[in-house]
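The structures considered in this document are given below.
Same chain, two partners: subunit A is paired with subunit B first, then with subunit C.
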Partner chain A sequence: MERLERRLGLLSALPIGILLLLSFVMPLLLVAGFAVMPQKVFELAHLPDFSSFAVIWEQGYYKSLLRSLGLAFLTTVILFLVSWPLAYGMAKVFGRFTLVITILVVLILFVSENIRLFGWSLSLMKGGLLEGYLRAWFGFSFETPLYDWPVIVFGMCYVYFPFMLFPLAQGISLVPDDARLAASDLGASPARILFEIEMPLAAPGIMVGCLLTFVLSAGAVAEAKLLGGRSVIVLTDDVESAFTFGQNWPLGSALSLTLIVIVALLALVPISRIDLDAIMGRKR
Partner chain B sequence: MINRRQFTLGAAGLAGLSAMSLPRMARAGRADRLNILCWEGYNSDQVLNPFRELYPGATVRAESGTSDPEMINRLRAGEIGTWDLINVNQPWARGEMLRDNLIRPLNKDRFLPYFEKMTPEFSKPYPLAFADNGDLLGMPQRYGPFSFVVNTDKISQDMAEDQGWSLFLDPAMQGRYGLLTYDNWNVIHLCLAAGIHPFQPVEGDALQKFTDTAKQIVAGAKLMTDDLVAMNTALINGEIDCYFTGGTYTASPARYDGALFVRGITPRSGPIEGKGGASWVELTSAVNNPDPSDLAEEFLEFVQKPEIAEVVAFAEGTYNPVAQMGNPEVMARFDDEKLEAIQFDTLEEEMSRCLEFDVVPSYDELLAVYVAARRG
Partner chain C sequence: MAAKPFVQIENVTKRFGRFTALDRINLDISEGEFLTIVGPSGSGKSTLIRLLVGIDDVTEGTISLNGTRIDTMPANKRPTCMVFQSLALFPHMTVGQNIEFPLKLRGVAPADRRTRAIELLALLRLPESYYGKRISQCSGGERQRVALARALAFDPQIIVFDEPLSALDYRLRKTLEKELKDLHARTGKTFVYITHSLEEAMVMSDRIAIMRSGRFEQIATAEEIYSRPISRFVASFMGEVNLFPVTGRADGTPDWPAGAIGARPGALAVAPGWTGVLMVRPELVRFLDAGQAADFTLSGTLTAEYALGSRIQYSVDTAAGLVTVERPFETRLTAPVGTPVTLGWDRAAVHLIAEAADGTA
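After this line comes the complex of A and B, so read on.
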């Protein structure tokens, strides 16, 4: 009976399943198809060549790729360090106050990313909200932090904060209090409890948080444009240029494909090592 | 477990959704629809509502793009059957859209008389609106000189016009200017700064010169952005003293807000036939829609009316001169504040110092060099 029900379920899900698969896979296939087309063509009816990949190498596009990955890595590390204490508090300490923090963080997401970033730009610029008031009230002035790479990392940390915080809190809530108390009773130092009990047991949450943050930051463009003043050209910026002003779809596709493949490879390793069911609380 | 009622409800919803998305393709009759792909301004209700009142039965829709190539890409990507008019800057009509059959010629008998009432630049009439075989490819309306913008409290207008592009090559200006990343314009302006003719093939020594100039100007820029509001804000706050690539189009919003020290500059002299500036002219062309709308040409004629031409000039976002200002009736509608915002006092003189815009033959190579310079 259960088998029949399962089969019926599968059959009913098939049409929408195929539709979802097509809508997810088709754009990716199109990108992959264009990536192997000759330069500057606008349809797929050409013999494939790999000239776009040669261009990526010859014209130094790998520099933007490395920058994107480097900034994403830095953002992930910083966000992990910043979010851990708060996530710990949300999972173990704050009790009902956790809901308030959750609502506050989620509320920020209701405002468009570009508007929030432009707000930071107006706050941080020379004569802006911060420097302007400090100078007017205290005669204290400072150089704007805008238009350089650290402010890009700051912007990405700010925008992707919730994507690290919530999975991390979820992961930490998986750590049984008994395990921590037992370790403490047996004389383990707080550092040892952190590294040998809490972090390994919260690993699924850490992995999901780091993955989400890394993947999103690697594909981010607005932070580098609005705050960084394009002082650092990230790969997504190059993709946009290739598709628009360059009118070179194959190059843009090849750049996108390279980023997709590298990020997918980097993501597959941790995904293969975590148990998503565990973090969803469905483990039987 | 989903019960049958929920499933039916879902299926009905899905059917409803697909029904909403299909008719656009199926219902293709042609005085009932007009879809305009344009720069901001033509899509404002101030322009569209009076037209909608004239054709109450028609669905009139307009959408603004973020760059010329993005809009042309949309036609290429299959939206040629969606749009009836496309409004982009002048090099694209002759350069790419005609070549790729994305646009079709306009009725000359109907539109040539309008050129006579335009400002002198267009009344000849305007050569880039025509194909080599004489076909009329689009109607000009908004235009303006486009070179660079300075804060005249920091750098006087006279000095900026006199120095021209060498202003950005002066070591003292390092870190004091911005670079407005309108890439296709940057390529033209970098050519002019390097003393190269942008509308002739660039090779050998000239290419090397372009490369060196691109590297120097990119390296000296304090900020790069494609957002004109961010750039004007940086100029007003004293973050920068001037910005590379800009003109009436980018300076006018700040000027209309009272910041009259923000001024578009056209170099007084330059490397190409004595000219150092460049100008843009929007051409609105009829898309080569397999199922064309009769309203496309009706709309093009409608925006020639004095009251509508004024609205187009001061619609929203940016403010610009319009070719129809050659007609005294149109001109009378602009007060001093508006004329000051669009730098009308020097407009004709500035346009005379601008190169007649054309397709950049070495665009691909030059863009690659410039984008590589930005990557560092």
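After this line comes the complex of A and C, so read on.
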């Protein structure tokens, strides 16, 4: 019986397994393969060569890597702070109204990210929707916030908001009401309850939300391009140029691989510590 | 007893929207008392203790502790502590951290916290090795003890219990009931306990308050509630009792609307027009042999026999309805089911409950 269940399990996992192998593992291996190819050679038969990684350091590409990670970190922190109250409300306070918020947030996802970002770009540009109308109606003008890093962070917060909100709400819903009441009864102030009861018990949701937003923001392309207008060079820009204008595939691959490894390391630590079953509601 | 009660609940009303959960409740609790509030679901007992510890706010009325009003204080400032039905232990903390939580909030040094936690573990008969255990590694009874230890660590003036034993199996519940009573004696704290089981209340309490639809029906010692319930509700709440409706005839003799019961002349005087029920406990009803007499007699047919372990219970179908008789198992009848029997009991076994004509107390 148990063997049958195991066989069925393996069989059920087979389709997605093959898909992941082809669409996830293969490209990764390809990237890894290209990353250790000597530069400007493009031949498959060669010994591993790490000169591309040296270039990352020598030509200052690590700066855009740090910039990407920094912006992603900032986005994650801001999103966490902004989403927590709403997520809390959705999990504990709003009741049926939660569904309305969920639908509204999900609805946004139906419009392509690029179109939404273009919308912001058109709204915020000099002579655009906002500034243009303000100038025409009130004679009030302001410099466009576009083409600088804060607007990139804003764009990423805007785009990745649902990826923080829903895991957080799920995490907070894992906090038993009684635990909160008991803590208060035992003398805990609301701040102590937040830090010592609610946040630790919602930790799986917090981790999933933060990881999703961090990983997505670190690899984001469109925000920097459409809102930042290439005035801020993030790592993904470098990767793209290396593969296109630069025709330096080894460099592009090495940059990608570096980002992948750093993000994977950052992600593995929390993932190994959280209980995904708890998030999915199979326990407690 | 001192003039000023320890806890004074005065005219407390709690409304949820248009629903009145508590209706002008008055209750005094003395220091060191073990008071149990008993009532069916929805009687308002949980609401009352939630008001006491500050989880909910009173709509009207006041709650005072040692002469100081506490109903306006937030929950985290009140010297009360509740043991939740769910126990509400913190699953992300160890047993030790759970117990130390209230001490940590007060800024007690880690070494002192640990000492106190280990003292409390010992008081609750948990080995010291449990200090570092996860809550998920503890059994139901152990969790119960951890929750108690945590409440004691808080050192509240009153500990309130919200049916903490209801989820446990029968044997464990019986053990913990006794432990709780013992703990009450050793700590000298004021315990307010709620349950829907009068049996549980009887084991532990100094006083029992019976609640019904947001009001107290009767507040008395276990002995008094057992032998002199104030209403049919209280009487029936405590398990199987025999209740016979009685009214007073013009000449002061009893009349039995539900079916005649033989009463020795002069055994029961009832004022003319009086309405109520006559209560007699199953263990006080006897089977009469031919020639034996009793103040009250009733004949019928033995219809069923139930063994209850140390006792045995009989159902007898009579003109006044089904009557329950209970006696020690050793005195089991030899007569089979279907045998005609005569039941009898004495005036001393009888308790009269007055009722309004419509059946309410």
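Rule of thumb we're sticking to: the second predicted complex is superposed on the first by the 263 of 284 C-alpha atoms of A that agree within 3 Å, B and C clash if a C-alpha of one lies under 4 Å from a C-alpha of the other, contacts with A are read in each partner's own complex, and residues count from 1 in each chain.
In this section, a residue touches a chain if its C-beta (ideal position, glycine included) is under 8 Å from a C-beta of that chain, and two chains touch if they have at least 3 such contacts.
Every value quoted in this text rests on a predicted model; they were computed, and no experiment measured them.
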Subunit B and subunit C placed together on subunit A: clash or fit? fit
**Prompt:** Between subunit B (first) and subunit C (second), which, if any, makes contact with A:I197: first, second, both or neither?
**Reply:** second
Practice problem: With the two complexes superposed on chain A, say which partner A:R6 touches: subunit B (first), subunit C (second), both, or neither. | Solution: neither
Next on the checklist: Let me test your reading of the model: by the given contact rule, A:D238 touches which partner, first (subunit B), second (subunit C), both or neither?
Outcome noted: first
Of the two partners subunit B and subunit C, more of subunit A gets touched by chain B
Superposed angle subunit B/subunit A/subunit C, CA centres, nearest 10 degrees, is 160
Exercise for review: With the two complexes superposed on chain A, say which partner A:M125 touches: subunit B (first), subunit C (second), both, or neither.
Suggested key: first
Next item on the list: Kindly classify A:A188 by the partners it touches after superposition: subunit B alone (first), subunit C alone (second), both, or neither?
Entry: second
Shortest distance over all C-alpha pairs of subunit B and subunit C after overlay on A, integer Å, is 31
Touching subunit C in the complex, subunit A uses residues 176, 178-179, 181-189, 192, 196-197, 200-201, 203, 284
Counting only contacts in the complex, subunit C reaches subunit A at residues 53-55, 74-78, 80-82, 84, 86-92, 101-102, 105-106, 150, 154
Residue positions on subunit B within touch of subunit A in the complex are 67, 69-70, 72-73, 76, 96, 178-179, 181, 183-184, 222-227, 230, 233-234, 237-239, 364, 367-368, 371-372, 374-376
Per the touch rule, the subunit A residues reaching subunit B in their complex are 40, 42, 59-61, 63-64, 118, 121-122, 125-128, 144, 146-147, 225-226, 229-231, 233, 238, 241, 243-248
